[in-house]
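My questions will all concern the structure given below.
Labels A, B, C and D are assigned to the chains in the order they are written; within every chain, residues are numbered from 1.
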Amino acid sequence: MNLNVGIIGATGHTGEMLIEILLKHPHVKITGLYNTGKTSGRICDIFPKFKNQLQLLCTQPDFEHIRKECELVFLALPHTASMDFAPKLLSLGKRVIDLSADYRLESNSIYEQFYKTKHKDKEGLKQAVYGLPELYKAKIKNAKLVANPGCYPTSALLGLAPLVSVGVASKGATIIVDAKSGVSGAGKKVEKDYLFSEIQGDFRAYKVDTHQHAPEIEQVLSKLAGEKVKVTFVPHLLPIDRGILSTIYIKKPASAAGKPKDILALYKKFYKSEPFVRIKPEGEFPRIKDVVGTNFCDIGIKDSKDLTIIISAIDNLLKGASAQAVQNMNIMYKFPESCGLL
Amino acid sequence: MNLNVGIIGATGHTGEMLIEILLKHPHVKITGLYNTGKTSGRICDIFPKFKNQLQLLCTQPDFEHIRKECELVFLALPHTASMDFAPKLLSLGKRVIDLSADYRLESNSIYEQFYKTKHKDKEGLKQAVYGLPELYKAKIKNAKLVANPGCYPTSALLGLAPLVSVGVASKGATIIVDAKSGVSGAGKKVEKDYLFSEIQGDFRAYKVDTHQHAPEIEQVLSKLAGEKVKVTFVPHLLPIDRGILSTIYIKKPASAAGKPKDILALYKKFYKSEPFVRIKPEGEFPRIKDVVGTNFCDIGIKDSKDLTIIISAIDNLLKGASAQAVQNMNIMYKFPESCGLL
Amino acid sequence: MNLNVGIIGATGHTGEMLIEILLKHPHVKITGLYNTGKTSGRICDIFPKFKNQLQLLCTQPDFEHIRKECELVFLALPHTASMDFAPKLLSLGKRVIDLSADYRLESNSIYEQFYKTKHKDKEGLKQAVYGLPELYKAKIKNAKLVANPGCYPTSALLGLAPLVSVGVASKGATIIVDAKSGVSGAGKKVEKDYLFSEIQGDFRAYKVDTHQHAPEIEQVLSKLAGEKVKVTFVPHLLPIDRGILSTIYIKKPASAAGKPKDILALYKKFYKSEPFVRIKPEGEFPRIKDVVGTNFCDIGIKDSKDLTIIISAIDNLLKGASAQAVQNMNIMYKFPESCGLL
Amino acid sequence: MNLNVGIIGATGHTGEMLIEILLKHPHVKITGLYNTGKTSGRICDIFPKFKNQLQLLCTQPDFEHIRKECELVFLALPHTASMDFAPKLLSLGKRVIDLSADYRLESNSIYEQFYKTKHKDKEGLKQAVYGLPELYKAKIKNAKLVANPGCYPTSALLGLAPLVSVGVASKGATIIVDAKSGVSGAGKKVEKDYLFSEIQGDFRAYKVDTHQHAPEIEQVLSKLAGEKVKVTFVPHLLPIDRGILSTIYIKKPASAAGKPKDILALYKKFYKSEPFVRIKPEGEFPRIKDVVGTNFCDIGIKDSKDLTIIISAIDNLLKGASAQAVQNMNIMYKFPESCGLL
């Protein structure tokens, strides 16, 4: 009862993580590894750590090979590259989980504004399901094309969804997401900014209130709220490899003051059936070390009269990318949701 | 024209930094080193890096020695310890710069709430001057007892003072200080929380909205504003040794919307004569690496209609502690303000 | 077909790692968690990362509970503590894998010299099998008591065994092991030396040629060589959490010059059936990143006329401790050797 | 009594350090900053940390400007670039301190072998003085052209010179230098190998026994010994920014066994007038933290019958490059040797 999967973009960070996870998944066989850059050869030569574990060749994408060998394809490609592959894969009858941003934003103009190119696959966009399992599990089950959420949006949305869903983020609320991410969030860009000597001992904000993940967060929250929700989003770069911690401030509108009474209880109830969201007891808050290497999202809450503070932590490469993609796969193929992820 | 200075608490982080700075100061001679713990011996044996530079013995505090040898005394002691020393030193006619929190808070009840002990020196408290040179230079000049500001308050106050002083933080404003600090802020506590294996690769919030520096920030801002100012303060622990970066969010009250028009210009003007505050050009923001090892505070600004974001960065051990103390000393003794600090 | 295992010392580094590995092992059920310190409670409260995964209580060691619930017991205790538990467990008919040093050294006087106490269980010592699978697999199969090797010895012995076994380390050879380890090698000691502010940005040697692992290395090599082998061992502390890299220099004696001709071939042959030793191609050398999180030992070789350089890398907590212990368990219970470890 | 100095290569690591040091030097004025890459503008815009301290423009090298404005020129250029500048500067009557490798190696064929290009300035090579003050102070005083030593050679040579000078490294000795360096040793290369995600948490050897600094070490030692000295040199990359620690093993030849009796005393005597070499007491060894940010070289010694272990530590950018260059300048211009360096 093996599922044959392929990965396009196998040599990037998220591709590497997908391989690591899927190698241990009891119901999956990796049958195709592809990448679009210059690197090629056996994956265990490209990543010596896979030696003695996986001999598969990593080649340029080969649709004929995919047609015969893969049932599901993960696209672990840079933004704007996925939409070149998804339509063809869907036309071959394959199911697709896309880890890029290409199928996340419903608005073409917002996509163009942030990703600097026109969207090429409006057909695909229509059928894409936003792959945040805690909110959209039912739709993911039957999806042909899943748009796996961004890392920052995963951490922000899981932190905000319960409050927004009870109307506290209605008109007049102020929502600030002060997010901090390890450098692997930037992929493997060989740029001065990501040199050890630049990152080590440093900390800085970047794309202050202009990051491409802000509209993704606002789109999902607005749907949940049933009205336009605005978020101030300031990402920062941590001198660590992996992990995101978001400190979220919600200044409630006067109309919402005092309700709901017990926010901690609200969160516990909202996530009570979710295997990968853990709510901290009162007075405790998450830390990155507890979630790195896992698919968990830990959430801590501090509530006061007019301001609520939510802190959420995830591993940006796992719950923020590759492990969440496998969680989506598990849902799509009716494996236990946490199969291969605990 | 040498000033003879002593340091009580010479073996802690801030004491060590004071020695480093003062060794290079052209008008200062270190004539007394004292500590209250068990460590004793020559300072160059306690800190091998001072070998070939300073042979002085570090002893238990010796008022007779201080009386004869020191003109100015730095108290680099833990909170609640300084108030045991300051009155005696003042009575000997010495001037004192206290790096602890003991003389910062005007309210005894707030002091007791956060530092868990009654204040013992109300007399000293009355004459203490809050040593933030950019706000209180005139008073520092003649101060007998300077309360050197906390590291977080320095970063928050320099980031907020110009806006608060023009009334934008009047009633109805929301002020959030999301601060991130390196671990040296915690001194040299030998506790599990500060082990390498706990800090490295991690990031977490602590004392969420309950940190003892919040009332210090609110006290100074309230004076500047002429009305009570409330701040939400959430500190976080960075996996680096030194540096604080504070991301400050000011939701302006409806009454203040749109004014002042040009906040960048406001900040440049406010700090135009200050040698240690540097305002970043529009679109640029500070990073910790640029201020570590210096007495500078770098500030960046992002303004929008109803929300202003201010980001400030300092070295917590320098502008946030020991170098600011030397800056205060320079002012008190009419040395050039940046003497020994550039 | 589950094996019920207990862990005494479940709250230390190696205990934590054992839990992590065994949770994913398809043939194992953790049925007892014990520790000897003050910490107690559910393991998922002690290590929040195990929340939603393992609810088991961690209690003081309880032999009655062990008697009924556990078949195999891991001792993840500090040195000198294990020998208080092993005899009793063996008398209950349990098999034991001891991760401490207590059953590694055959000489009581050397044990006493390095561990500062007399050995209390000479009976156990006699039946203990040194658990380095690549050298002693046959004996491990039937062992009642396995002495799991130290982390440094694992890295040194795997690097040296092939050369020593062909007689190159005969009289007159000089063997130097310049080893570098991450701080987790020191366990979770709350001491000044292991604070973040002491380790980060630093690097230093310690116990220069006096480390307790040197006699362990020499004992095994001497047996392999059939004559006394002397090793100069200098460990260093790396500013990382996990991993050991040993750079080993072998100055061959005149008698051995030029033989064996092809050392790389010798190593490949020696380890050809070993799933966890990977020999690098000529001109390539191991790095810690490739082995962290795995049970692999990577080895690189540079040979010249009279000096051979061997570089080996392992994860000190896995191949150097907990994963190697599970590898030994697999061998003892006839599970596939790499079961749960890939 | 100011010395006007220029720096060619002001935007690299060693150029940046030179500026930092010279800004605090009481007898120096920086009058020219030049670089050969694309970066240009005011140095305080290129390095924001110099804001409020140095406004000087950094331009392409301009010999006319140098002729008028600079008396001494530091060449902080990549290897093979310096020899394009030195001859012209010397012909203008300027004195030159070259921080590259261009004037260190006397043998043209060895230079060509390691730096992959023919040497272009044999005239300059003849008059160049090797700028290791502890060995060549007298020659440096009158040098026109100083070849500032490499960082690894500085740490190895200071560790080996006393022993070699008494003939212990005569024929038959084995000398191994196992060196570990922070990444700033590689300059500011924007390459995958130096990304934060590659370095952090990692440790590895590189250029095993093939590094270009080995012949530099052997050349100086051979001169000291009066016979050919061979060194096995294995550098490693530490996950820190700055610092080198070299662990040096000397297997004495049979002829030298037992002499000198007291190596610690030998070292103390050898360096007794040197302000920047500190010998550790018996049983203590250097650590990188004690020398980072300083011009000191700390040395620790462990001697046994036939093997001596020497451990030396420096800051690769300071004693290993820029501060040593300033030390040379002090000697050349008869300033106190440690002026501006303590």
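One rule holds for everything that comes next: a contact is a pair of C-beta atoms (placed from the backbone, for glycine too) under 8 Å apart; a residue touches a chain by one contact, two chains touch by 3 or more.
All values derive from a computational prediction rather than experimental measurement.
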{"item": "Over-half contact-pair match to A-C, picked out of the listed pairs B-C, A-D or B-D", "value": "B-D"}
{"item": "Farthest chain relative to chain B (centres taken as mean CA coordinates)", "value": "C"}
{"item": "For chain A paired with chain D, centre-to-centre distance based on mean C-alpha positions, whole Å", "value": "47"}
{"item": "Whole-Å gap between the CA centroids of chain C and chain D", "value": "40"}
{"item": "Distance between chain centroids, defined by C-alpha means - chain B, chain D (Å)", "value": "37"}
{"item": "Where chain A touches two or more other chains at once, by residue number", "value": "198, 200-201, 239-241, 289"}
{"item": "Contact set on chain A toward chain B in their complex", "value": "174, 176, 178, 180, 198, 200-206, 208-209, 232, 234, 236, 238-243, 245, 247, 249, 251, 285-289, 292, 300, 302, 304, 307, 309, 311, 313"}
{"item": "Chain A residues touching chain C - in the complex, by the definition given at the top", "value": "23-24, 48-49, 51-53, 201, 275-276, 278, 280, 289-291, 294, 296, 298, 342"}
{"item": "Of chain B, residues touching chain C in the complex", "value": "183-184, 188, 190-192, 194-201, 239-241"}
